[in-house]
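Everything below concerns the one structure shown next.
For reference, chains read A, B, C, D and E in written order, and residue numbers begin at 1 within each chain.
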Amino acid sequence: MQRLEVAFLEKAKELLSSGQVNRVLAYKKGEFCYDVSPAVFYSVEELENAVYNGFCGANLSKYLIQESKKEGKVAVFLKPCDTYSFNQLIKEHRVNRENVYVVGIECQGKFSIEKFYKTGVGFVASVQEDLDSVLVNGETKIDRNAVKLERCLVCKKQHVVYDELLVINEKKDGDLDRFEMVKKLEAMTADERFAFWKEQLSKCIRCNACRNVCPACTCTKCVFDNDDSQISSKANADSFEEKLFHIIRAFHVAGRCTDCGECSRVCPQNIPLHLLNRKYISDINEFYGEFEAGKDIAQKGPLTNYTTGDIEPNDFKGGNK
Amino acid sequence: MQRIGVFVCWCGSNISATVDVEKVSAVLALEPNVVISQNYQYMCSENGQALIRNSIKEHNLTGVVVCSCSPRMHEATFRRACESAGLNPYMLEVANIREQVSWIHKDIEEATEKAIILGRTAIAKLRLNTPLTAGESPVIKRALVIGGGIAGIQSALDIAEAGYEVDIVEKSPTIGGNMAKLDKTFPTLDCAACILTPKMVDCAQNEKIDILTFSEIESVKGFVGNFKVGIRKKARFVNEKLCTGCGVCTQKCPSKRGLNDFNMNLNTRPAIYIPFAQAIPNVAIIDPEQCLKLKNGKCGLCAMQCPTKAIDYTQQDEIVEREYGAIVVATGYKPISLENFNEYGYSTYKDVVTSLEFERIMNAAGPTSGHLERPSDHKQPKVITFIQCVGSRDTSGCGKPYCSKICCMYTAKHAMLVREKYPDTQVNIFYIDVRTPGKNYDEFYRRAVEQYGVNYIKGMVGKVYKEGDNLVVQGSDLINNEQLLIKSDMVVLAAAIEPDPSVRKIATLLTTSIDTNNFLTEAHAKLKPVESPTAGIFLSGVCQGPKDIPETVSQASACAAKVIGLLAKDKLKCNASTAGADEMLCTGCSLCENVCPYGAITYIDKEFRLGGGRTEVRRVASVNPAVCQGCGACTVTCPSGAMDLKGFSTKQIMAEVDAICKN
Amino acid sequence: MQELNKEHKPLIVAFCCNWCSYAGADLAGSSRLSYPANVKIIRVPCSCRVNPTFILKAFQKGADGVILCGCHPGDCHYTSGNYYARRRMTLLFSMLDYLGIERERTRVEWVSAAEGAKFSKVMNEFAKTICELGENKRLEDLRCKD
Amino acid sequence: MNSKEQVKIIKERSGTDASKCMKCGKCSGRCPAYNEMDIKPHQFVSMIEKGEIEKLLNCKAIYNCLSCFACVERCPRNVAPAAIIEAVRQEVIRMQGGNYINSEEIPQIVDEQIPQQLLVSMYRKFNK
Amino acid sequence: MKKIAYQNIDKLYGELASNLDLYMPIKKAGALNFEKYENGKEADIETLQTVKSVKDLFFPQVEHFVDFKTDGTKIDVIDTREIRSEFAIFGVRACDLKSLEVLDKVFLQEPVDSMYKNKRDNAVIFTLACQNPHASCFCKVFDIDASSPKGDVECHLTNGVLYLNPITEKGANLVNKLTCLEDATSESVDLNKQEIKAKIDALPFSNLDLSVFKGENLMELFDRKEWEELSKACLGCGTCTFICPTCQCFDVRDFKTNNGVKRFRCWDSCMYSEFTKMAAENPRKNQMQRFRQRFMHKLVYYPSNNGGLYSCVGCGRCVKKCPQSLNIVKVIKKLGDK
């Protein structure tokens, strides 16, 4: 795995020193091995702090909305799932494709530090990565799948847009059914579902991290910040507003959400927000045929399309009673 | 602050019998912003309207709420009343307390309460109304007709007759279309050329009509009243202005192996040719695929022979740009390809022909000069079997799911013509149903059976195969419940028709829609059958759906009437309730463009000031108010709420929701 | 006891498209086909004008049921508006169901201008369904009722 | 089981929608065994649609049908007469009861040339 | 000093809750936050930290305080402020307790915030020493002693026993009422304090250098070019501000009900692009400026207005929760580099 990081650094240096791009959007080291941040590097010297490892979970495509509008070309290292988001942004004219040099980079699944803590390893000072396992603090070996983010267990695997690929090993695993939990919820009774979501959504503190990190939420001004929209709200002053915010947010990204899972990754209260988006994805697949947002920009989005024989709104099967 | 006047109508006793109108006007008088609240017996009467007009002036009203019958009934009346009193007509809201209250509720208390709530709701909406002005746009007094078949010709002639200029753009070298290929026409059996060619000549001679043949639509910009169309005039290598159509060149041309598409490829033609004797324009054209000069530079005989020096081997495609107020699409049809129907052996056996090919064989100007002979050995057939519904009403995916509508009639016509000219020929017709709705149509079909002794067989053919020199048609006879093997000399297939493939590109250019069978969709199946959903685009002939000649001509004239109605206006009054994007919120994501049924939304790169002398260029949506019909599809698809609809704004509808729920 | 006897009168908001369903409601009216008074109609140009937020807003403000009526598929005055509305509402309703909110509280019906009888029937049935469901508790905003 | 249920089962088993038939007769137009069949392919479609099951269950045509699928191939409406005939045939065989084929016998009767599909259809037809 | 075996801890919660409202860390759907204790809820004092800090109990995310009821043109103004009687908070860590000191300077100075004061006056705070401080903790930097958190009653959970040491009269009064407790001596607690101190000394951030924020020309920090790089990845979400125990910005908003308006105050975040938006324009135009504001406020402006008291208590929540791993430690280190 370390080989990949070396190749990443070499590629970044080569792109900068050759003048092919004038900056690189990637990840930089933090204080620990796990608190990696997205960063822009302007010189080969700055790349000393660059890093590419299992903690580089952040989806860089959203930063390209701003970065691609600036002077000069920016190189970016995108994971397979990030490329879907990027492609969707291209479709919606939110990025300037000519200004971006995309290196599709290998990803063997990214980590959740909280899952490390759950294994009982305590403080995580160092992580040596292997294709199927990780070695924590030089002593404890853990199955890689045990510490992966949920979204990495249901990986997209293929890059859909890139100028160049940086892949050494094929992606392993990640073939679980991403709709498993959606199905479980549908199988619950309506009362159980209501209780589940009430408990989950009541945790929401409306920090807007899910919205602000979301590569589909790219409005210059969100309806929830806009008093003219008649639904603006800053806090969940009533249990209704928790639902309103999340239903509308999911609806606004329905058919555009690439299921990158960033919303759930960043939620400070660990609300499984991706289950809302996946419900829409699974409904769209079921009602209107398989659709993967960001996969093919020529394809019409399911909510801007129709067929004369579409299912009637009163007729969907829905969850249990 | 709005100053609102409320006017409650009794509608005689229609409302006042179940709604306490006094109470309604008294309660609504207490609503914030309401400065006057009155009730009257008949608000829509002249006196009632005068009451509204006077109150507007007297109380300086900025808005009017009328609680009365359905707005679908008298909204226009009250708008006019407002306008005549100097108030913007869109500063009016109607609360429907008749159809939605007095007529359906019996309990006075309940009805009165509901009337008050509906009144409050109208007031809540009105508070947020803004004066609207329907925009105006000038109309360019010229029409474009795409397609020069009988539909296009008829539309063009009618429009020209009304005094407007028309251009016909035809992709082939002559106008006339499919009808020019036909022999006789049902149900009168008069010859197609005899009735079509005079119309073609009329077109050519009409000063108002400009015919651009061998030309195609390249680009379309603009909107109703103001289209800008780029037309590609393809190189024909003959100067149209100089050529007199004398035909010397066509006789001298040494390359004579090109297939004659006018004769359905049943014979050949020279590399330089005039499509047919009555072609309009009667001008030669060079097929560059066949011309020796154009292929390898050796020849040039035609140029040498041409008395007017009209031949120009260097001619290039030319793009002309013209402006139109209205566009008629009359792109017509073609028979479907029969390659999916191996069972009939069309591609295998020369003597299995399509009906359109049969037309040419029967046509006096056709490849056989009108002698009935079969293609393989030019012998006169003694038994001819016709098969109907070849590829029509087919949901298996090989053919078309719809009925092609014309086949029953022309097959009867063919049968009759054969029996008339060659009485000793046996004619069999396999049919599923014989469909003859139309004036004198069923009589025509019955004549084929009763007078001409045509053998109609209810059943379908499973296979056509060859036995010796003859074809054998294997089919079912469902009436006698037997399977037939009919030895035939010739088999004629009534192939389904489909829209000309060029329509796809044209529909895209015109941003109008086509259905799953590539027929253009009309704005309303019953009430707007010749208008497309896109304003200013009209549909003529088979491009909209299968039709025979009488129907096509009627529709073409209807289409022309619509065009004339449009061109007669100097200015177009646009719909006032249009969508518009808040540019500060718009992200230019294109979602709205995707759902607009009218193509009213485009995107522009616009510079915005950021403060501190900095600017940024952003892509934002721009709605053309002349095209927008105000459905609001865009407003909901827009996640940022940048898109809103005047007259039905998000705020207004939310205010109505609030008012209804408040009790 | 008095509290218990006081029957809950549900509030129903009906969004009707101008061209078909609103005209259908007019026809119901002129045919004197009654439906409960607690059904209140909001006129919109087309069913595709109805934003999911309008529906949620109605629930927030105290509606117990929301119904959207439009032209029959294929008959939309704007050719395709109701097709978009159909997809939007299917997805919205399915999401509400997923969140455990009674799916019977929301409904879409296609009512043409000629179907006054259908309009009245639909409204009667819907009002009955909502009556049986009782007060909307799962999508309420307590502040609004205060 | 009453005849109504039988019709339903046959329809289901055939996997084809007889109501789509437009009575063109193309199936019977191509049927190579037409003359041997006492009930013609197009009649199978209309009779099953009308629920006239008794005649079908007692006809000879189900044994004369070659299962060549020419009718299926030719049908312009995606109706499969042969599938209906097959379904009726299956119904008749099943009504007679008994297993005609034993899974233990399979290895003896199978040779490499036998298409796998045949084995499956054999099971379908000859096992309860 | 009193004690109770940890296995019987539910008795303590039960008895406390029967005397007065008890708030404590409750686990709900996997997330730990201060909530009212009720039978059946999952109380958890072993986990080091709640997501939202104890701030939420004194300065809640949403607080209604006035209703305007309208009837025609008549308006009634109704005071809807909640008036609390004594209530207890259990399991408050030293950093969170210290954060109240920071908030006091804002809300208890004239004009006094009555809603905050009411809660402050009526709260009995049971602190809890940090048995297992986390690598992200840096309270020591701000002279906070997590081994001896004080409060009204200081608690230690060591070797399966919870020790309760009343510090204030209010605390003692309440503890004395509790019958489930036994008397105890202080040896174990003293030992525990030493152990904790040793753990804290070994934490990676315990020796952060704050000297750069103590000089004369602090405003030079404002112009440091490092802000650009530090804020680059900032999404502008409000996570850091909402989980931060010392962030105290709020907005006052109106909600239109069916019969008027309900006015409430709710948390706001200086990281939001709308935060400083005014009629003319937004003085903080970009995320860098907003990011800089937050940290300048915590480390420079607030201390200079409040006798050197930093508006950070080193709880480490932002270190853990920032979606893109930006935090105050990185800021302190980066700015301290020069």
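Here is the rule we use: contacts are C-beta pairs under 8 Å (C-beta built on N, C-alpha and C of every residue); 3 or more make two chains touch, one makes a residue touch a chain.
Given the structure is predicted, the values throughout are model-derived calculations rather than measurements.
J.: Which chain pair shares more contacting C-beta pairs: B-D, or A-B?
T.: B-D
J.: Suppose chain centres are the mean of their C-alpha atoms. Which chain sits farthest from chain D?
T.: Result for the farthest chain: E.
J.: In whole angstrom, how far does the Cα centroid of chain A sit from the Cα centroid of chain C?
T.: About 37 Å, centre to centre.
J.: Would you mind pulling out the distance in Å between where the CA atoms of chain C average out and where those of chain E do?
T.: 46
J.: Please work out the Cα centroid separation of chain C and chain D, and write it as a whole number of Å.
T.: Chain centres of chain C and chain D, defined by C-alpha means, are spaced 49 Å apart.
J.: Check each residue of chain A and list the ones that touch at least two other chains.
T.: Counting only residues that touch two or more other chains, chain A contributes 223, 229-230, 237, 303-305.
J.: Which chain B residues sit where two or more other chains touch them?
T.: Correct list: 595, 637, 650, 654, 658, 661-663.
J.: Would you give the residues of chain C that are in contact with at least 2 other chains, written as numbers and ranges?
T.: 52-53, 57, 61-62, 74, 80, 84, 88, 143-144
J.: Can you list every touching chain pair?
T.: Chains touch in the following pairs: A-B, A-C, A-E, B-C, B-D, B-E, C-E.
J.: Across the complex, what residues on chain B touch chain A?
T.: Of all residues in chain B, those touching chain A are 584-591, 594-595, 603, 616, 619, 637, 639-641, 650-651, 654.
J.: Please give the residue numbers of chain C that touch chain E in the complex, ascending.
T.: Checking each residue of chain C against chain E gives 61-62, 143-146.
J.: Under the touch definition given earlier, write down the residues of chain A that touch chain B in their complex.
T.: Where chain A meets chain B, its residues are 69, 91-94, 217-223, 226, 228-230, 252-253, 300-301, 303-305.
J.: Provide the residue numbers of chain E that touch chain A in the complex, in ascending order.
T.: 28-31, 33, 51-52, 61-62, 64, 134-135, 204-205, 229, 232-233, 235-239, 241-243, 251, 253, 255, 264, 266-269, 272-274, 319, 321, 323-327, 329-330, 333
J.: Using the touch definition from the top, list the residues of chain B that touch chain D in their complex.
T.: Chain B residues touching chain D: 343, 389, 393-399, 430, 432, 458-463, 474-478, 481, 483.
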